[in-house]
Amino acid sequence: MEQYLPVLTLGVLGVLFVLLSIVASRLLAPERATVAKRSAYECGVTEQVAIPERFPVKFYLVAMLFIMFDIEIVFLYPWAVANDELGLFGLVAMTIFAGIFFLSFVYELAKGGLNWGPGRQLITPATSPERTTTSTIRKVGLEGRIEIETAADDSEAA
Amino acid sequence: MLLNQFLILGAVLFAVGVYGVLARKNGVMVLMSIELMLNAVNINLVVFGVQHGVVSGQVFALFVIAVAAAEVGVGLAIVLLLYRNRTSIDVEDFDLMRG
Amino acid sequence: MEALLAFSRPALDWHALAPELTLLAFGTLITVVDIIWDDRSKQAMPTLAGIGLLATLLPVITLALDGTDRTMFGGAYVIDDFSLVLKALFLISGYVVILMSVDYIRDGDYYENEYYTLMLTSLLGMVMMSSSRDLISVFVALELLSIPAYMLAAWRKGGARSNEAGLKYYLMGVFASAVMLYGMSLVYGLAGSTAFGAIAEELGSLDSSPVAILGILFILIGFAFKVSAVPFHTWAPDTYEGAPTPVTAFLAVASKTAGMVALIQLVFVAFAGRDDVVQPFFWLIAALTMTIGNLIALRQTNIVRLLAYSGVAQGGFMLVPFAVAADAPARAVEAVVIYMAIYAFMNLGAFTVVLAVARKTRSGEIDSYGGLFQYAPGLAVAMTIFLAALAGIPPAGGWFAKFGLFRALLDAGGGWAAGLGVVVAVNTVIAFAYYARILGQMWFQPAPDGDERPVVMTGSLKAALAMTIIATMAFGILPGLVGHFGEVSVLSALGG
C-alpha cells in the first residue's frame, strides 16, 4: 500500500492548491462586473450568434480521403527507407497492405464519394411545404410534422 | 542527452490536452485536444526509444499516428452527423439521456 | 545502429494466423460484394457474415486439436489454449449478435453491408486481442475493435439518441486510449521493450519508482474505461440506451470481454511482480463498480438502461479476481474466464428477449413487460432463465460464475479477500431485487392497454434464443464443461 503514498500525496496537494486558489481569489479579488467583462472572451468585442451556415460536405470526404492516404504514407516511408534490407518479403507485404488499402478507395468511388459538380446537384424536392411542382397552391396541414418525426425517433430508441 | 526536457514537454502537452478535453465545449476543439494527448505520447515513445537505443519506440509511434488519424476521421464523421441533426457541435448540448 | 537494421524474415506460421486471415478475408469479401452488386446483395450479407464467423471457427478448432503452443514475432503474438478458448468465445458471441441483427438492421432501413463489415472488423480486433502479448499489438487490437464500435453505436443516422450514444462512446473511448497510451509510453520507457515478459522483469525490479506506478495506473485506468468500471462508467448507460439494441448487446458482451482479456494479460503477465500496485487498485475498483452499478440499477425504469447498469455491476464481479491476482493467480484467471464465458451467453440472451419484445411493444420501459407470460409464455420463460442466471440462481449458469469468484477469494485468504467476499455477497442480494422486479412485471402484471397480440418471432431471433438458452443451462447443469475450458486456459495463460 505504501506504493500509493506519493500518488496520494500529490493528489492531496492538488486538491489543496485548487481549494486555496479558489478561497484566495474569493477573498482578495474585487468583484466589479460589467457587461463587457461578463461576455464571452471578455475582450470588449460583442460576440455574434453563430449562424448555422451550410458548408459543402464534399470537402469533408476529400479530407477523409487525404487522411487515408496520409496513413498509407506513414507506413510506406519507413518501408522505402529500409527497402534494401527487407527485399522481396517487404515488397510482398506492402503490396498486400496497399491492396487492401486500395479497396477502401474503390469503395469510396463506388459509393459516389467523389462525384461532385452540377451533375449530381439535388433537385429541389417536390414535397416542399410551400409549393408543389404542378401548382403554386400552398399545401396546408403540415404544422407539427417535425414533432411527429422526433416522437417516432424516440420510441424507436428502445 | 536532453531526456528530461523532452519528457517535460511530453507531460505538459499531455496536460494541456487533458485540460482541453475536459474544459472545451466545442466538439472539434475536443478532438484537437485528444490529438495533443496522442502527440505527447509520441514524443515520449520516440525519446525513450532513442534513450534505450531500440527502434520499437519509433515503430509504436508510427502505429499511434496511424490509429490517431483513423480515430479523428471517425470522430469528425460523428461530429458532422450531430451537426446535421442538431445544428450544434457544443458537446454540452447532447444530454437527451441522463440518470 | 547496424545491429538494429539487420533484418531477418520473420517465420510466418500460416496455420496459427488462419483465424485472423479468414476473418479479414470475409470482411473484405463483403466490401467487394457490396461494391460490385450494391443493393442487390443486401439479402446475402447476414448469411455471408455468419458463414465468415463459422469459417473462422474451423481453424480455431484445428489449432485446438493440434494443441501445440505457437509463438510468433518475437513473442508478440501467441496462440495457446487460453487465446483459443477466448477466440472461440468471441466468434460465437459475434455469431449470436449477427443473428440478433438480421431483422433489426433490415427493417430499420440502415446501411447493411457496412454494418456487417464493421462487425467483422471489430471481431477481428477481439480475436487479435486474445493472442497479443506485447504493448503494440494490444494497442492495435484495442483500436481495431473500438473504432468500428464507435461507428456502430451511432448507426441510426437520423436518430438523435443514437448520434449522442456514438459521440459519448467515442469521446470517452478515445480519451481512455490516450490516457492508456501515456501509461504505455512510461512503462516502455522504463522497460525499454514492448514485450510483456521483458516488462514484467524490469517492473519487478523497480520497487519504489513512482514512474512505474504512474505508468501501471494509467494503463489500468484506460482499460477500466473500456470495461466500464466505476468511476469510469459514465458513458456506458447512455451509449447502451442510445445505440441500436444488437450493437448494445455486442458492446456489453464482446467489447467488455475484450477489455477483460487485455487486463488478464497485463495483470497476470506484464505486471506480475507489482501486486503492491495492482491489488489495492482492483480491490477498490471492483467494490465500487459492483455496489454503485447495482444501486443505480435499482431505480431504472428502462430495461436497456437497467441491463446496462447490471452489466456495469457484472463487470465489477469480473474484476474481483484481479484483486487477488498475486495471492491465487491460477484460481483468479480461471474465475475471470469462466465468468466471461457464462456472462456472454446470459447477457446476450437477455438482450435477445428485449429485442424480440420491442418488435411488438416498440418500447423499452419495464412497465411494458406486463402480461408477457400471458401472450408470449416462451419469451417470459426464456427471460426468467436469463435473469435467474444473471442473479446467480441455480440451475441457470450464473451461479457457477459466482462460485468461481468465491473459490478464488477463499484460496487467496486473508482479511482483504474476506472483505471483498462480503461485498460480493451483499451485491448479489441487491442485484436479485431488480431482477425480481422485471420477473414480477412479466408474470403477475396485466398487459398494458390489454394488448395481448402475440410477439412475432423471426427464425434468426429464435436461433439466437435457442443458442443462448442451451449455453446458459448447460453451464449451470454441467459446470464441469466450462470449468474444463477455464482450467485449460489457465495453464497456458500463466505458463506463457
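Which chain is which? They are A, B and C, in the order written, and residues in each are numbered from 1.
By our rule, contacts are C-beta pairs under 8 Å (C-beta built on N, C-alpha and C of every residue); 3 or more make two chains touch, one makes a residue touch a chain.
These numbers were taken from a predicted model, which means no experiment stands behind them.
Simply put, of A-B and B-C, more C-beta pairs touch at B-C. Central chain by Cα centroid: C, whose mean Cα position is closest to the mean of all protein Cα atoms.
Here the CA centre of subunit A is 28 Å from the CA centre of subunit C. Computed from the mean C-alpha positions, the centre of subunit A lies at a distance of 13 Å from the centre of subunit B. With each centre defined as the average position of its C-alpha atoms, the distance from subunit B to subunit C rounds to 25 Å. Multi-chain contact residues, meaning those touching two or more other chains, occur in subunit C at positions 158, 160-161, 241-242. Residue positions of subunit B with contacts to 2 or more other chains are 70, 77. Shown for subunit A are the residues that touch two or more other chains, of which there are none. Subunit C makes touch with subunit A in their complex at residues 5-7, 9, 24, 28, 31-32, 34-35, 38, 108, 156, 158-162, 208, 210, 213-214, 217, 241-242, 245, 276-277, 280, 302, 304, 358, 362-365. Residue ranges of subunit B in contact with subunit C, taken from their complex: 7, 10, 14, 17, 21, 27, 30, 34, 37-38, 40-41, 44-45, 47-48, 51-57, 59-60, 63-64, 67, 70-71, 74-75, 77-79, 81-82, 85-86, 91, 94-99. Within the complex, the subunit B residues that touch subunit A are 62, 65-66, 69-70, 72-73, 76-77, 80, 87. Taken together, the subunit A residues at the contact with subunit B in this complex read 52, 57, 60, 63-64, 67-68, 70-71, 74-75, 78. Residue ranges on subunit C touching subunit B, taken from their complex, read 1, 4, 135-136, 139-140, 143, 147, 150-151, 154, 157-158, 160-161, 163-168, 170-171, 174-175, 177-179, 181-182, 184-186, 188-189, 192-194, 237-238, 241-242, 296, 300, 305.
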